[in-house]
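Next come two complexes built around chain A: one with chain B, the other with chain C.
On to the complex of A and B.
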């Protein structure tokens, strides 16, 4: 025993003497990391971290610096846990021109901004596969709107926003023929277009609509950022496959030395729209909205969009050459510098907005790309970060003149100074970082305290869980000169982009209940007195209430096999954190989770006779286990009288 | 043995701190509010219960408008658990409640449920009988007064 102690002490002392030279995975965590991420029980985190759920289709919400998971907000995928996509009310949210779509691949998030700063009102998310943009209300943490994007395939370059949330962008990754035309795939060059959709956001309500689409020549729009400050009024997109390949892009889209940053002057586009220069074209797309008073979603069909053709409408779109298949296209807090990150480049070009506009004024062009003027690379260039690392992807900013770029191939974050494009520091990530996020790091006002790495590979970072592993995020303290890894935390799905915002901006506005006096659901039950069961044909509507700790009615008879039974459950509670759940045996559906003051509907078609127990699924009180009831289902066509009650204790008179 | 342990801890902690770095403490801006659940409150200190209502003026005859408003609130938010007779359902029946409790106590209880259930001796005693915490139904002050008027009507007051 004594020997062991001496050895341990020796190791400790040796480690302390050796100091910081050790560079093994474990040794990277240094000094006071634990105290920096420790948030004591009962204490709140300093930041909300909204993380895209990638192929889970949802948004996860973490507290920082603790990395504690606070909530998963269902957005583009069904969520049986709370009935999203299963309740009658929520089904229209996931309706598209192709009907009900239960899943999507979500990549990027954007918090709404006012004057270039986060205002904490809404969070936008993109669906990549069936092109859509969603809006989440940050008082209820609920998806309240989903807009489908026509003439798009792979809505990747989305949902980045302008500095007053005037527009949310939706740029297509796949070029496609407009209007769902049936053409030969290898007629790409002739028929395929890449649309950039500008979605207008209502200042007060947040409601979205596609103001116009710009039909760019065929190429892949990858990522994008709005200008800010001096560059407000412009939007910048990275592109690849300007070779216009339609097969084996891995090789065929990596031929050219340079692709482009596309710069769109959207103020100019607005002028053209005002002057009636757009062409209305048929392009059906759904628009789904949630109403907090009817507690229901509705889906409407829009029939057309306004399309602007940059070949006809001059001075609206320009291109800047950018080396080797650029991915990230990030604008610094001042709005003057645009960072392009070539996935295969060995340097990071930084463009100057001032120089870019001067190049346009001087007509300093090197040619055109299908009619769109291309400014000379050197004319727009501020500088190049030399030998920064391998495979630069994305850049965020700390508001102190520094940029942080993620490097996929060399698995690291590199900090560099914008002004003199000099590398200042680098830290490893575990492993193969994709996106990264500084709280407010894409706005005019970053909170440069942390940078979070969202890694593509997890490997040995956590206890193994079979072939499929949790995804990995890593938190770095950037308040000093050197970046310091302080926490690993697992995430859901594959995290792509994320946003973080000081908790103080959001938390005090968070809703606690829905006011039952404002519940205008079609099937609301305002008080137990109004609980009832109504049959019309083979449809049975059950107006049910839930309150600690009983459901009313809890005995229901007179339902037959094959009836369409709708349980409309109203939670009469008006207290925070008292949801009631509802589930019934044999329902091939999910449960309902009903928030205080809300009404939610579960559809159930019984397929056999018998007694069906139903109960509250969310532990609500000491007598939660007593919160249960029975539905009697009789044979098809039988005449069991419709009957419902709660608290009636008279034994039934024996029937035949 | 103890000394050895101290030695290990010392040298290990030396290891942790030797790298220095930025030692700015985590700034946590907020926390769970303290409800003061375990505070001792003298059972005789607050005959009118705990809350903002210190002196409720009753008017005669009853205000019919308030009675009607109170009844519709009862139907929506109270009737699930309280009968208008003296029969206990989830909570006690309301018959005679205005004789058992002062107007101030009633209005404090229905608007300040959680603090009352945690601290008020009478409310705590009732919780031991009912075993279900009365839900806070988020009543506004004037709604609480309307409920009281409806209770008075139910008790045959004028």
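On to the complex of A and C.
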């Protein structure tokens, strides 16, 4: 009997243990989520969502609320799929002072603004590893400009913009010695500087150039935001490693109780520049631009930048103490409140711009950081959000007085009210959210309908795909009091910051074709009758046309092994969505996709004799599979006459 | 004067060719591109002598109208109406002939050949041709042209009847 009791109680205990299982994080979707994200076939999404591609180096475009992937825009990485970085025309886009760089790490995006509102003209993107800023044209969804940033290491604090797109910012993550000096690493404190580059953007063309760099004391600059409204004229950077460690930052840069938010008065900086107070410094950097009429990029070298020293030029830079290694720094739609997010902090400080300027006026400083005045924490503080969660990172706004902060460690989004710094709601994210985005959530006029979480980890959220899993985004409806998860969708690369804009601002301006009458490419072929092959030395230029459903010429002879053959393919189509592709056997680069009215060049150096088939790679028509041709390659030094033709059995003799 | 609309699954917005008194506009290049599959000739403004004759004919017609005001005879008006009717009928006949020619005179080496298939667009009205639906109808000027014809003929008829009645008295 006793035995039985023991057995029974053992079973009971085991059963009750089962009952104590941890709660599953599985299904939290409730209500009519499906109907909120359902966009019927053939219907358009309400928002464009531009999402950074992280280590993919590209920018992806999703539709919201459906989460459908619409396009991947190649920006900092080569893209064999359409020839970006492989075509002769696009190679200069990825040229840097270190030559051609085929990859980068793309983290943050900024849509151009007018009066603090999205204007839908351009999208700016940063490259972390080889510091650069790119501009994407939103009529063609094409990268049209890339500017290299000198005196920078890890262009992470970028490309945030001012409210009229006066400046795009590029703050360095790594402090580095200016001018590529060769110094001891542990001489950080004396030799290393942190530059904040202010890139001027031309109002009409969008062309960028570095107006000036502010050489701040060595530290890691992190995410930054421009002031707006009353705080327009200021830029706020979060910083960490104000301990100035050059090794094991994990420990050494986490010592201080408070780091800073660096407040830069860029209007003041402009005055100093005007007054000639800047120092011209040798700092080579490339400037690459795309021309929609020549369908080609060109790369030019700039030799110097203008540097401003805040130790000499007073009243331009101030510091606000901010708890524990801040990562995010966000300015609310009114421009009055500045939210700092210490990634190791257990609270969120909210600063008041009014109080901050008053503290400066009253000289209410607690000291200085390498000569830069530090205002008293309490003097600039509006309030602290108490116990919001663990590891606050970034904050976006809904335009209704609420803020939404992402928490990496506690894996959640917390909604709180700015005025009284009270937590209103919290929802879990799956898992480990980094950035978040409310459409227009960084502007004066947010479209507070959704918040999107960009997560670092997915684990069990999707069908497993081996050790490397998808990264993901999650869409929450924030139109009510409670945030409601309504959709998961996987993303390309690793998503960091993103921007979303009402589709109506952009979609009607989207280009359908390139006007062939405006094609001023050096090697354009206007009409099939102008197709030709020209040899000069060992260079062979093939002026080729593509139109449904043939390439002209499609029989080419007289090319020898080792010749440098350039296929200049002009797509003669002037109809929407009729690109042609071009690929040739044994080419060791990529294919080309040629949009209607465009000319693109593939370089090919044949390494053996034979007949090389080439064909159209983009299914263009019912006779796409017939769109093909042959290149004959003869031995080096052979006298095969140069001939080309289409539709002839006896090839025509080429002009020499 | 006239418009021909084409619709196909791949062309959600449709294609339109508008025929002016002296030009042919709209998605002509796109239509030409498509027509090469079935061996139709390409449409070029230069091929149509009508684009020179028609404006001259219409201008002359209008000039004649002004002259006839001064002449101020009913007979003049009847002749004027008759000329308009002749121009109209000739234009329709000519238009039909062009359509017939484009629709039937096909390249024998065309990639797509459907035995017995012709691609003559309707003079007016709707027709389904392969994957395309075709709707041919007057454009604004065309309607004016037709309305003018109707008005002219009606007035002529009315006046003629009136004069017959007065003669009868």
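Heads up, the rule we're going with is that the second predicted complex is superposed on the first by the 622 of 656 C-alpha atoms of A that agree within 3 Å, B and C clash if a C-alpha of one lies under 4 Å from a C-alpha of the other, contacts with A are read in each partner's own complex, and residues count from 1 in each chain.
One rule holds for everything that comes next: a contact is a pair of C-beta atoms (placed from the backbone, for glycine too) under 8 Å apart; a residue touches a chain by one contact, two chains touch by 3 or more.
These figures come from a predicted structure and were not determined experimentally.
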Three-chain arrangement built on chain A, chain B and chain C clash or fit
clash
Give the label of whichever partner, chain B or chain C, reaches more residues of chain A.
B
Which partner does A:527 reach: the first (chain B), the second (chain C), both, or neither?
first
First (chain B), second (chain C), both or neither: which does A:484 touch?
first
In the overlay, answer first, second, both or neither for which of chain B and chain C A:273 touches.
neither
Using the touch definition from the top, say if A:45 reaches chain B (first), chain C (second), both or neither.
first
Looking at the overlay, does A:623 come into contact with chain B only (first), chain C only (second), both, or neither?
both
Return first, second, both or neither, reflecting whether A:36 touches chain B, chain C, both chains, or no partner chain.
first
Run through 6-14, 24-32 or 132-140 for chain B and report the one that clashes with chain C in the overlay.
132-140
Would you mind listing the overlap between the chain B footprint and the chain C footprint on chain A?
547-549, 573-575, 621-623
Using the touch definition up top, name the residues of chain A that touch chain B in the complex.
2, 5, 8-10, 12-13, 15-17, 19-20, 30-32, 35-40, 42-46, 65, 477, 479-480, 482, 484, 502-504, 507, 513, 515-517, 526-530, 545, 547-550, 552, 572-575, 578, 621-623, 647
Quick check on the complex: what are the chain C residues that touch chain A?
29-30, 33, 36-37, 111-112
Looking at the complex, which residues from chain B come into contact with chain A?
4-5, 7-8, 11-12, 14-32, 75-77, 79-81, 89-90, 113, 131-133, 135-138
Interface residues, chain A side, partner chain C - complex:
547-549, 573-575, 621-623, 626
